[in-house]
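Here's a structure for you.
Which chain is which? They are A, B, C and D, in the order written, and residues in each are numbered from 1.
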Amino acid sequence: MPLTDAQRAEIEAHARESASTRRPTVTALEEMLFRAFPVLDHGFVRVVDYMGDDSAVVQAARVSYGRGTRKVSEDAGLIRYLMRHRHSTPFEMCEIKFHIKLPIFIARQWIRHRTANVNEYSARYSILDREFYLPSPEHMAVQSASNRQGRGGILDPAAAEDVLRLLRDDAIRCYDTYESLLDTDAGPGLARELARMNLTLNTYTQWYWKVDLHNLMHFLSLRIDPHAQYEIRAYAEVMLDILRAWVPVTAAAFTEYRVGAVTFSASMLSVLRRMLAGEAVTQAESGLSRREWDEFQASLNG
Amino acid sequence: MPLTDAQRAEIEAHARESASTRRPTVTALEEMLFRAFPVLDHGFVRVVDYMGDDSAVVQAARVSYGRGTRKVSEDAGLIRYLMRHRHSTPFEMCEIKFHIKLPIFIARQWIRHRTANVNEYSARYSILDREFYLPSPEHMAVQSASNRQGRGGILDPAAAEDVLRLLRDDAIRCYDTYESLLDTDAGPGLARELARMNLTLNTYTQWYWKVDLHNLMHFLSLRIDPHAQYEIRAYAEVMLDILRAWVPVTAAAFTEYRVGAVTFSASMLSVLRRMLAGEAVTQAESGLSRREWDEFQASLNG
Amino acid sequence: MPLTDAQRAEIEAHARESASTRRPTVTALEEMLFRAFPVLDHGFVRVVDYMGDDSAVVQAARVSYGRGTRKVSEDAGLIRYLMRHRHSTPFEMCEIKFHIKLPIFIARQWIRHRTANVNEYSARYSILDREFYLPSPEHMAVQSASNRQGRGGILDPAAAEDVLRLLRDDAIRCYDTYESLLDTDAGPGLARELARMNLTLNTYTQWYWKVDLHNLMHFLSLRIDPHAQYEIRAYAEVMLDILRAWVPVTAAAFTEYRVGAVTFSASMLSVLRRMLAGEAVTQAESGLSRREWDEFQASLNG
Amino acid sequence: MPLTDAQRAEIEAHARESASTRRPTVTALEEMLFRAFPVLDHGFVRVVDYMGDDSAVVQAARVSYGRGTRKVSEDAGLIRYLMRHRHSTPFEMCEIKFHIKLPIFIARQWIRHRTANVNEYSARYSILDREFYLPSPEHMAVQSASNRQGRGGILDPAAAEDVLRLLRDDAIRCYDTYESLLDTDAGPGLARELARMNLTLNTYTQWYWKVDLHNLMHFLSLRIDPHAQYEIRAYAEVMLDILRAWVPVTAAAFTEYRVGAVTFSASMLSVLRRMLAGEAVTQAESGLSRREWDEFQASLNG
């Protein structure tokens, strides 16, 4: 359970406030505002603020004096055109701010996306909570044999149970040490910036993360990919739902032209043309490597 | 006069819309929203959208579950602390979006600030208006003798009159040619992306410009400086007023710790210490160059 | 002719210097170093410095202690893999620095690529040369009827002659005025930062432009596209040749997986599958808009 | 000891290679190239490549055709001017690439500097070494009473001994578990991307980190500050020595105008003026808060 009663009360107090604004407002997103959507065992994603909507994309693309919108179909057509031709600047005109709780080893992957604003909870300044990520059995998998950075089959229940126990024991023991190092009575009262080094990488941290719509979609396109690590994909999936509520037209174009799209290399394209002309091309005749051939087949078969 | 009746009507229609929101809302800025604040002879600055307020800075610095604010004085103290110690990330948590009309040669200076999002009116796609910047007589100055990139004294009225006429005539002539090049009946119907090359650099362009609060202050600190070119400073001054309406506590700290602050070099600091100890230091004894000595004196004398 | 004798002498003096280094060095690029490759009528591209080579990409991807390279085929395979799967960070480990002379209206397009370092010749500080871009007849085209931001057919010779005369006359007249405004004897000695506003947008400027290999390829992929404006494409083509000399393996992968590749949307992909299954799909049955259908056909037909 | 024999041999093989280049070359830095400068107990900093030197800053500021340098004193004067007036773009024209080994909790601080290129050793793909940071006794300090994110006094030897033992035991135990989780014979052969979550935050990681000269100095100015955490300051100090070897003129200006400089707020400046006029100002009369008064006094007293 990701929230304490005190936290829940704080969120609810905030959510009760309301004001009148002349800014673009999205009803579906207003309803989601501040709510903690659970991810993994202790993490969450909350939308804390947003700027703009689908029509703000249109307005910026047209550099309008007013709302800048025309017929609904025309606006949707423009958004689809911008997405298809990778005109990214109009999508940069919307912005969203999240409060996210996530394990440190996932935070380390996430932070590699540099075009975002971040304020992380500081363990130099404050004390982290006793919370660490423990994968559920269906996500505990062996190292993939074919993909050096991926997972293979699921562990059998007994092995998963063992792994879980090892992870939990080490995390607890490290956190206990952390607490005793910080202790100013019974312990040495070690500086926080030092004591934190004893925590394990599955300890939860949290941050405010603010990003524009273009860079959010770039993040999502990489992180909802089946090759992304499951633990970050779990966050991306929740955020994709939020995207759909916030900017439904943009989200539909994103699904059509990015998530569901496939890029064929020059060589794949030439194989494709031979196939469409009726030729039965084999890997050997294709000029593609075995690996690329497999990727090509996977794309064609869906 | 920067706006046509049609533009004014578009803006007013947009401004009449209103909705209820749970997001942080700033009454003083809501009242300014969409309004075109005139700058130079045909330019303007309009706020089109914004995200966050003073307390959003505090909220992010504290990575809060709720609004994150405490006593007013405590929040102001935190904002002053963050500004003084150049903790910039909490200020990145607010965002503002402007619609700006400005001469092209100023747009070329402005765009050098890379950490912003921009959608410019495209002269490949559309036709620019017949509007060009003509400086008023009190801003027409000779090349500075001492500062290779600055202005010296004001031109005498007759000379200013001559300059104005030359600038106006060339701009009009070039725009007339531009129009005739584009003309598909009487003229060749030249492609827009080519015809635009005939315009002069004082022609007005416009763009949507979106930036976070930290980078806005960085822009302002450079562009309200007396060494900045007058024409961009005119925009910065209007935007500083908007900053004060939007985030008054942050704006006060910005004035105190950035705009009104002075940085002394290591050598200046050591001269200062000798002066405070009662020594009457001359430039010759200071170890400072003549130029640095003058800058130092100017800082001390205010 | 883009260079004066004095400039040529400066370049040659620089090019004669030579030193021994332990850094990765690329012979083919060393030979190109400092040379001005002409572009358009007065522009050029010069490589002024570079960091890294193909094996620096491999070295960074492997976070090596030494050179990090293995068999040539293995290294090429890794580079192809990184390109195919858009692992961009290893390509960011190489850097190149250009000196470029280009018309201002093209500089305005170019500068929109924000992830680069730029030092432009300052017209606040210095006086621009009397040089402006005048398109050659084969590049003078009418506005496209189908594409609002493109060119249609070429002007007939007489019309092109007229356009050329108009462009040349206006540019010369504006430059004459610029000079007379700056004149401190016969003219008012107007500040440079003001006088420059009278120049036309085809006046040449120049800058140092430094970019990493990943962002250079991103720039090139957008600007060698047939939809890019011819005048910027002319620069991109020269730079693509430089890329091939500098990092031949990366450049080959770039051609295979980016320049020569095609992205099909989710709907196009499903049409493709029907076609491969033997169905003769028409636009009406495809679910694609007329415009997308045409793009789809164009991709398939090459 | 940070290097194995195999790593040392790899580095030495790389260092023996040498070529002739026409690029700017810095003898003092060439001699440092590839060498691992030790930091903390197992970390290091190595320069792997660089682009440019002091004169490249000058060359870019002047947008030169040749080397762009004049008299040594004139070039130094220009560099000092650029530094004093925060003209940052000419400094962006030099670039340096490091290979750095550092504890993960320091890597997490470091990565917050977003304007750099990074390739980190991937624990999804590879197995991390059994190496963790253990502070030496003189760096083990209690939590500061006055500064919520700093250290106070040093632990007494017995307490330091205890802390050390706790840190070491937990790190070893967690690493043992990590290894057994990865084990495909005796253990479950858990996926690497999962097993790594069991490591403690003092485990060493490594990365290639590439940055331009301007952003390197920004990083250094923040991280050699006495308020920076000791462990990252240790890296910054080694890198400052490298800076001095690479660009001695720029490094001297950096020391004078950035590291050794002090910024006074508007209120401090007005107190300073009263003091220089002979007034004996007390905190009570100064208008400064106690905390700001203390900072002010500290600056004046050096």
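Assume a contact is a pair of C-beta atoms (placed from the backbone, for glycine too) under 8 Å apart; a residue touches a chain by one contact, two chains touch by 3 or more.
All of these numbers come straight from a predicted model, not from anything done at the bench.
Undergrad: Quick check on the contact graph: shortest path length from chain B to chain D, in steps?
TA: So the least number of steps between the two chains is 1.
Undergrad: For the Cα fit of chain A against chain C, please give the angle of the superposing rotation, nearest 5 degrees.
TA: It works out to 180 degrees.
Undergrad: Can you work out the whole-Å distance between the CA centroids of chain A and chain C?
TA: Chain A and chain C have C-alpha centres separated by 33 Å.
Undergrad: Measuring from the mean C-alpha position of chain A to the mean C-alpha position of chain D, what distance in angstrom results?
TA: One centre to the other, that is 30 Å.
Undergrad: Please report how many Å separate the Cα centroid of chain C from that of chain D, as a whole number.
TA: 35
Undergrad: Any chance you could list the residues of chain C touching two or more other chains?
TA: As it turns out, chain C has residues touching two or more other chains at 89, 112, 118.
Undergrad: Can you tell me which positions in chain C touch chain D when the two form their complex?
TA: Interface residues on chain C, with respect to chain D: 3, 7, 9-11, 13-15, 17-25, 30, 33-34, 48-52, 56, 59-61, 63-67, 89-90, 92-93, 95, 97, 99, 117-121, 206-208, 210, 212.
Undergrad: Which positions of chain B touch chain C when the two form their complex?
TA: 103-105, 107-108, 111-112, 114-115, 118, 122, 124-125, 133, 135, 140-144, 148-152, 155, 159, 162-163, 166-167, 170-171, 173-174, 177, 180-182, 184, 188-194, 196-202, 229
Undergrad: What residues on chain A touch chain C, complex-wise?
TA: Spelled out, the residues of chain A in touch with chain C are 77, 84-86, 89, 112, 222, 227, 255-257, 259-269, 272-273, 275-276, 292, 295, 299-300, 302.
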